[in-house]
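Shared chain: chain A. Partners: chain B in the first complex, chain C in the second.
Now for the complex of A and B:
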């Protein structure tokens, strides 16, 4: 008798419990999310509202009416085309240099025995942690007319008269590559560490020479990491300001430099905003592609 | 068998075969590290001009730096803003990372992506946007304005560091504490926080450095008596090369090297 009674109440209360539990869980989730609110407010205040405002300004013409005139100017004027071309050129070349230098370095780091990695990794992390301004300044000193690099090259006999290495494209590229390299090496190194070494042994076992095993097994497997790192470098280059402004000496005008120039000289918020919006869209587009090629979620996000 | 002909891995490759890679990698690593350290000998040069190696040594540029009201004022601003940013961004970022990691709500992913946008949006765009908005709000050239902007820049870094450490932490420990009667808050402070404390310290150091080294936002929204060190350095670099910069750079290199070594040491302790 009692057994039946318990069973009955159990049956009738089960949905009630489930509902209450569900409600409690939902309440707890919302309370927890409340902890993120202060951070969300700050990001809204500093990113969402200001950038949204610029987005709006970019569609307001000089007469105060809504218009596309700022975007139309970008298509019409040759000066804009030159800025876009320079930005693209600097970004592509910097990325290319970073791949050429960064791939062997990442490969070296990935092959190291674990106890040595920490030490050699410092070479990548130290510049990463050093102020961008300091590194740009260091290159300014090294590359100047009677700088260390020119002195060294003339002593060795590479060239006879001092070569102009700074305040031009060469200086900008050297400085940018130095600053961007860690952004390529870190993801590439991580991708290389995940490559199963047994695949290389298997390739060797099946008769591949080390060189052919590298090119036919290791290299293709490292490609996603390399492409992802390159896209990050490329995107960061697109919006770069400090290094081109200092090492370019006014001769390398990129989008970010142009935005500040428009604000400083013409105080034209619409034109500056429109250029900024184009930069943002380009950035998002390339990051989206990078995201499709490489699971950033796994690296950034809690879910496995 | 010498090192040269000993196998570098379990395949038939020897260290000798790989020697070219060791050479190339070493050259690259030297190129990465050395340029930064060039500022140290430069800063002790006696000359107005940036000659290297310096002919005469002196500490005159340090005297100029420490004797200048402008540079001292800017250094004080940068340190102050850096410390406040660190004190604000570390708890806020940790709270957000913890909330998103534990809650399991559907919106977590979207919120995480939103919170890391300061890392994604080009800084120049943030700088001019904030400059424009602050113009309306009267926050340009204020410490508050600068701290707010730098906090937004530091939050994503804090979140990434903390989320990574929560992933390797067993949250069941908190559940055990709560089943034994601890509240969620108590469980966090007594059980979780002590175990992720090294990551919290790393995150704090990173937030300080993010603010201290930040240039572009500072160029736009800091000024007057509240101009930062980086703002003055940038204008000095663009206009003329003042050897005082070498002295300041040396101090900055030392600061970041010490902070980096601290995180490496902390990382080793954590393992």
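Now for the complex of A and C:
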């Protein structure tokens, strides 16, 4: 803010007006900052302070002294590395499935005449109105050994013995993709709605085939929405607890499950915090590297 | 203006009411599913009526949550149900109030069903149960009889379920299946090699373990849906599943004998009232009703004399003198010393 005040001396034309303009601009910026204050306070109170506390706890040993014992344990036992690998694997796969299903769906929604959009949007959003737990258990009922899907398929003759659809990675991914899909579709649909259809006609006019017009014009313009949606899905997946716990049958152990196991059995806040800290840092690293590789910060923030 | 006045009056009344601490209901926390229901019917409802102590029931009892309340200085729970091992661990962390044995009478309790920090509520067994359509009724010729049978997928082909994310009661069966006599199990498990031996045995079975269960309710559901053919679990849950039509049977042979108990978080808001309520529900006349609702045995010997339950039901209880000799009592000392290491090793196996 002070920079604006200092700047005035350097400006030559109409000094009086310039000064007044700068003052107004400064006032406006302070006002805008003031609007953000409540949110900033909340962010500090419910995010920064607890996360700081989490960091601190993770470095306190069981004897109350500062120590690295919780981190040492993560190196000592292979389960921790595997759990992190599973967590990222599930998150990447879920995000991938959501893109594969969500992109065509959003495209379809964006092409629909407005009076139909409401109906189909409702279909996308309806799952949001049901509790996560109910949706997860509904999948269990559908997918289990003697569940509806297996029963139906065996009656019709698709397969003879029950197929293992749940209590494993398959079931986890089905459930998670279903729950995460709206988080991808909403930002993506929004981005697609804003793409000017005339651009496609212009591309065609200039000799592009429909396929090449799509890949060279439409797809790049829809990327920011896709990246935003994928990031939301990916990050939400990392902390998921209920769905992998229920549909993974105890075989798909994600970080949240491991944290619960440590807390429930050992009441060990330090060890649990250390896991949280590592997940946080691993996530940041992952996003940073992914951002570098795929340049999605450019796509997301419109930088060149 | 009216609204503000009403609000002020409401607040004043709330203040007056919290001032009268004696009249405040105590918060009793148990588990969900058929277990909590059984305690409601057998213990809580009647004890509350007879003692005049009002209670608020909550589900989702957990010693870690109780400890969190204690450590953050905002205790809202008065009495919490827990497994014996959980109580021992919480007591070691300093999260529990000492029991006032001047108030709670344990003179008729079985030995080893209470400690300075928790009072046994029921005796249960960790058993192996199976689908009776598949392997036959308990006691019949073809039925599984021991942990060796549970781990033998050639003799008993089919899927299994085993404990998830918690090592309690997970290693002992594997060792017995591997030929270790029951009375040597904890001795063997006290070495790292012994723990590895148990883990290796479970690793052999792992390809056949279709589901790792996380709760008693899930054990029952797995058997009801015939999702797996055999599972470990808590005997009362299977009896209740059977009542609901599940084709399930189990054996007490080589089962793990254990108890659940009531503990009080340190700094419980209504400590004295809760202690009185604990004394009330520990009386044999309430425990005598428990078998009608779940087949967990009383911890108070006198309950066996008082109960009006039929003979078959009483003989089916884990703490019945006929059944106790078949089982291995869970060693709290072993869990106090070895639980943390055993859990890490077990989690390593599960994450493979």
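Quick note on the criterion: the second predicted complex is superposed on the first by the 221 of 304 C-alpha atoms of A that agree within 3 Å, B and C clash if a C-alpha of one lies under 4 Å from a C-alpha of the other, contacts with A are read in each partner's own complex, and residues count from 1 in each chain.
Everything that follows uses one rule, which is that a residue touches a chain if its C-beta (ideal position, glycine included) is under 8 Å from a C-beta of that chain, and two chains touch if they have at least 3 such contacts.
Please read all numbers here as calculations on a predicted model, not as lab measurements.
Visitor: In the overlay, answer first, second, both or neither for which of chain B and chain C A:33 touches.
Guide: In the superposed model, A:33 contacts chain B only, not chain C.
Visitor: When the two structures are overlaid on chain A, which partner does A:263 contact: first (chain B), second (chain C), both, or neither?
Guide: both
Visitor: After lining up the shared chain so the two structures overlap, which partner does A:144 touch, if you call chain B first and chain C second: first, second, both or neither?
Guide: A:144 contacts both chain B and chain C.
Visitor: Should A:77 be classified as contacting the first partner (chain B), the second (chain C), both, or neither?
Guide: In the superposition, A:77 contacts chain C only.
Visitor: Quick check on the superposed pair: does A:253 touch chain B, chain C, both, or neither? Answer first, second, both or neither.
Guide: So A:253 only meets chain C here.
Visitor: Is A:245 contacted by the first partner chain B, the second partner chain C, both or neither?
Guide: both
Visitor: Counting only touches as set out at the top, which of chain B and chain C does A:202 meet: first, second, both, neither?
Guide: A:202 contacts neither chain B nor chain C.
Visitor: Which partner does A:18 reach: the first (chain B), the second (chain C), both, or neither?
Guide: In the superposed model, A:18 contacts neither chain B nor chain C.
Visitor: Once the two complexes are aligned on chain A, which partner has more residues of chain A within touching range, chain B or chain C?
Guide: B
Visitor: Between chain B (first) and chain C (second), which does A:53 come into contact with in this model arrangement: first, second, both, or neither?
Guide: first
Visitor: List the residues of chain A that touch chain B in one complex and chain C in the other.
Guide: Shared contact residues on chain A: 144, 146, 245, 260, 263, 269.
Visitor: Per the contact definition, I'd like the list of chain B residues that touch chain A in the complex.
Guide: Listed in rising order, the residues are 8-13, 17-18, 21-22, 24-25, 28-29, 31-33, 35-36, 38-39, 42, 50-52, 92-93, 95-96, 98-105, 107-109, 111-112, 114-118, 120-126, 128-130, 132-133, 148-149, 151-152, 155, 159-160, 163, 166-167, 209, 212-213, 215-216, 230, 233-234, 237-238, 241, 245-246, 249, 252-253, 256-257, 259-260, 264, 268.
Visitor: Considering the complex alone, what residue numbers of chain A touch chain B?
Guide: On the chain A side, the touching residues are 28-30, 32-36, 38-40, 42-43, 45-51, 53-54, 57, 101, 104-105, 107-109, 111, 118, 120, 122-127, 129-142, 144, 146-148, 151, 178, 181, 197, 200-201, 204, 210, 213, 238-239, 241-242, 245-246, 255-256, 259-260, 263, 269, 272-273, 276, 279-280, 283-284, 287, 297, 300-304.
Visitor: Can you name the residues of chain C that touch chain A in the complex?
Guide: Counting only chain C, the residues touching chain A are 62-64, 67-68, 71, 89-90, 93, 95, 164-168, 210-214, 225-227, 339-340, 343-345, 347-348, 350-352.
Visitor: Considering only the defined contacts, which chain A positions touch chain C in the complex?
Guide: Residues 73, 77-79, 82-83, 86, 144-146, 164, 167, 245, 249-251, 253, 257-258, 260-261, 263-267, 269.
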